[in-house]
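Please read through the structure below; I'll follow up with questions.
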Amino acid sequence: MSTEPATAVDADVLMSLSGLELLRLGLTDAPRPPSIGQLLGMRLADVEYGSVTFELTTQPLFSNPLGTVHGGIAATMLDSAMGCAVHTTLEAGAWYATLELKVNYIKAASVQGQTLIATGQTIHVGRSTATAEGRVVDSEGNLIAHGTTTCLIRR
Amino acid sequence: MSTEPATAVDADVLMSLSGLELLRLGLTDAPRPPSIGQLLGMRLADVEYGSVTFELTTQPLFSNPLGTVHGGIAATMLDSAMGCAVHTTLEAGAWYATLELKVNYIKAASVQGQTLIATGQTIHVGRSTATAEGRVVDSEGNLIAHGTTTCLIRR
Amino acid sequence: MSTEPATAVDADVLMSLSGLELLRLGLTDAPRPPSIGQLLGMRLADVEYGSVTFELTTQPLFSNPLGTVHGGIAATMLDSAMGCAVHTTLEAGAWYATLELKVNYIKAASVQGQTLIATGQTIHVGRSTATAEGRVVDSEGNLIAHGTTTCLIRR
Amino acid sequence: MSTEPATAVDADVLMSLSGLELLRLGLTDAPRPPSIGQLLGMRLADVEYGSVTFELTTQPLFSNPLGTVHGGIAATMLDSAMGCAVHTTLEAGAWYATLELKVNYIKAASVQGQTLIATGQTIHVGRSTATAEGRVVDSEGNLIAHGTTTCLIRR
């Protein structure tokens, strides 16, 4: 696999987009540079103002030593979903950084092709910081994990 | 790649090992079933009673949308290092589950072949719960992230 | 002030009550032993299955060095509201212990007689652990803080 | 009790002090405005660059419904100790706000006049954020609770 970034959209154009517009590009088929989304098969499923959903399908390469899905997978999904939820609220040119992430693990997930769905939602977006919460469920709606995050915002 | 588990050690033998003995098997070349360690190239670097270190080398497939290492990578390393640190203290037949994980992100890491080193250490191991803390540094010792975890123990 | 516990209800009776019944006693005028509720003037405002609300009125003795309400006050309210929310779901004889608490601080609160209202709600109650979330708002509905908790359950 | 602030030091003087100098004033007998320190009998025991220790003596008014020290007490002590540890590193005119606090509870503490000692230490102090960790022990050195915090810094 090539790791050459495929720049689909001009950088100046990207800078002129709000967070919501930028993330909605992610719902299209535009080529993208390599990312953890490719590594995990994690795909953007929904983008609203203040709420973002990612999905993936589990595989044996997600295993922890017990043979269930490693906690890092839910942490990665929640970090993406909650951070992007914050991002949807930002105007063009603003950016955010995740300061901290907390994840509660509720139920082990199978590595045999199970769909996991992570939704993040903002709780508070202020001038210089934001917080969000998120949940990971399987395709039957069972709660796998939930979390919260704190982000720093630069405007 | 085959996802057929390569059972290197008999299950009865595994059950007779303490957590420390079991984790030290991970330092050998014994074949292992597919795992997140393979997916990320994450390798066990050191195992002591109450302390475990994992390492990996970053790659472009670890990228977040900003082009630096996604927060899920440090979360995965910390979850492994802190959970395994708790595991080293358990007698044969006992097991643990991670109840929650908190990660603070300090510095962005490059996706261009940087070595990341995560060390977890137990803070408290009781009869039914344990806590641990961990840090992720790069090869120059810069702090990338730190975290804490709470585990449930079954004896 | 006497620190002699004023036992309003016989211990055998208490042991026969579910968590919900026990907490609802807290809504009555029954005398109670000294507690942090007395110290802070924190009063139980609502008890439902899986959800508990506490209120208090701020005072200058709640000040941090900046002259606003110290973060410990919201932490105390959230610990009470979320822990009690878990408690309402437990059968007679079962008990819980808080393993960890995380609080996000959103807005400073005034120490000049402001009403603070903390509501905790369970997210997941399993056989041996439970999680809950909570929010603290002022009398105008402004979000002051929010949090999550992990509890250990003994049945 | 009067809630009239007793201003011991001129405000202009205060503004000219570094965080370390300001906190060391707290070790003197200078009169102070009402604060949560007075409410809980919490006293500053040590102030170093990057590390601050508070102590208090437990009392029945710190009780939770189980009759042990309420989790809010350790949370309050940790919030103070960790936040002040960050403060000691700040130059005159800079200030900080606590964004989040996480506390792990290890051991119940008695409400019968037990000494609790909370020490906070910075982990990382950057330009706009800082993190710290802390521990609460009793007079025999038993670990009661530990925690971490994230602070926002304004320079």
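Which chain is which? They are A, B, C and D, in the order written, and residues in each are numbered from 1.
The rule we apply is simple: a contact is a pair of C-beta atoms (placed from the backbone, for glycine too) under 8 Å apart; a residue touches a chain by one contact, two chains touch by 3 or more.
Note that the structure is predicted; figures quoted are calculated from it, not measured.
Between chain A and chain C, the least number of touching-chain steps is 1.
Counting every residue number used by either copy at the chain A-chain D contact, over half are found in both chains. Here the CA centre of chain A is 35 Å from the CA centre of chain D. Centre-to-centre separation between chain C and chain D, using Cα means, comes to 22 Å. Shared interface positions of chain A, i.e. residues touching 2 or more other chains, are given as 99-100, 102, 104, 150. Chain B makes touch with chain D in their complex at residues 102, 104, 106, 123-124, 126, 131, 133, 143, 146, 148, 150. Looking at the complex, you find that chain C touches chain B at residues 99-100, 102, 128-129, 150, 152.
Residue ranges on chain D touching chain C, taken from their complex, read 1, 3, 33-36, 38-39, 59-67, 70-73, 75-77, 79-80, 83, 95, 97-105, 108.
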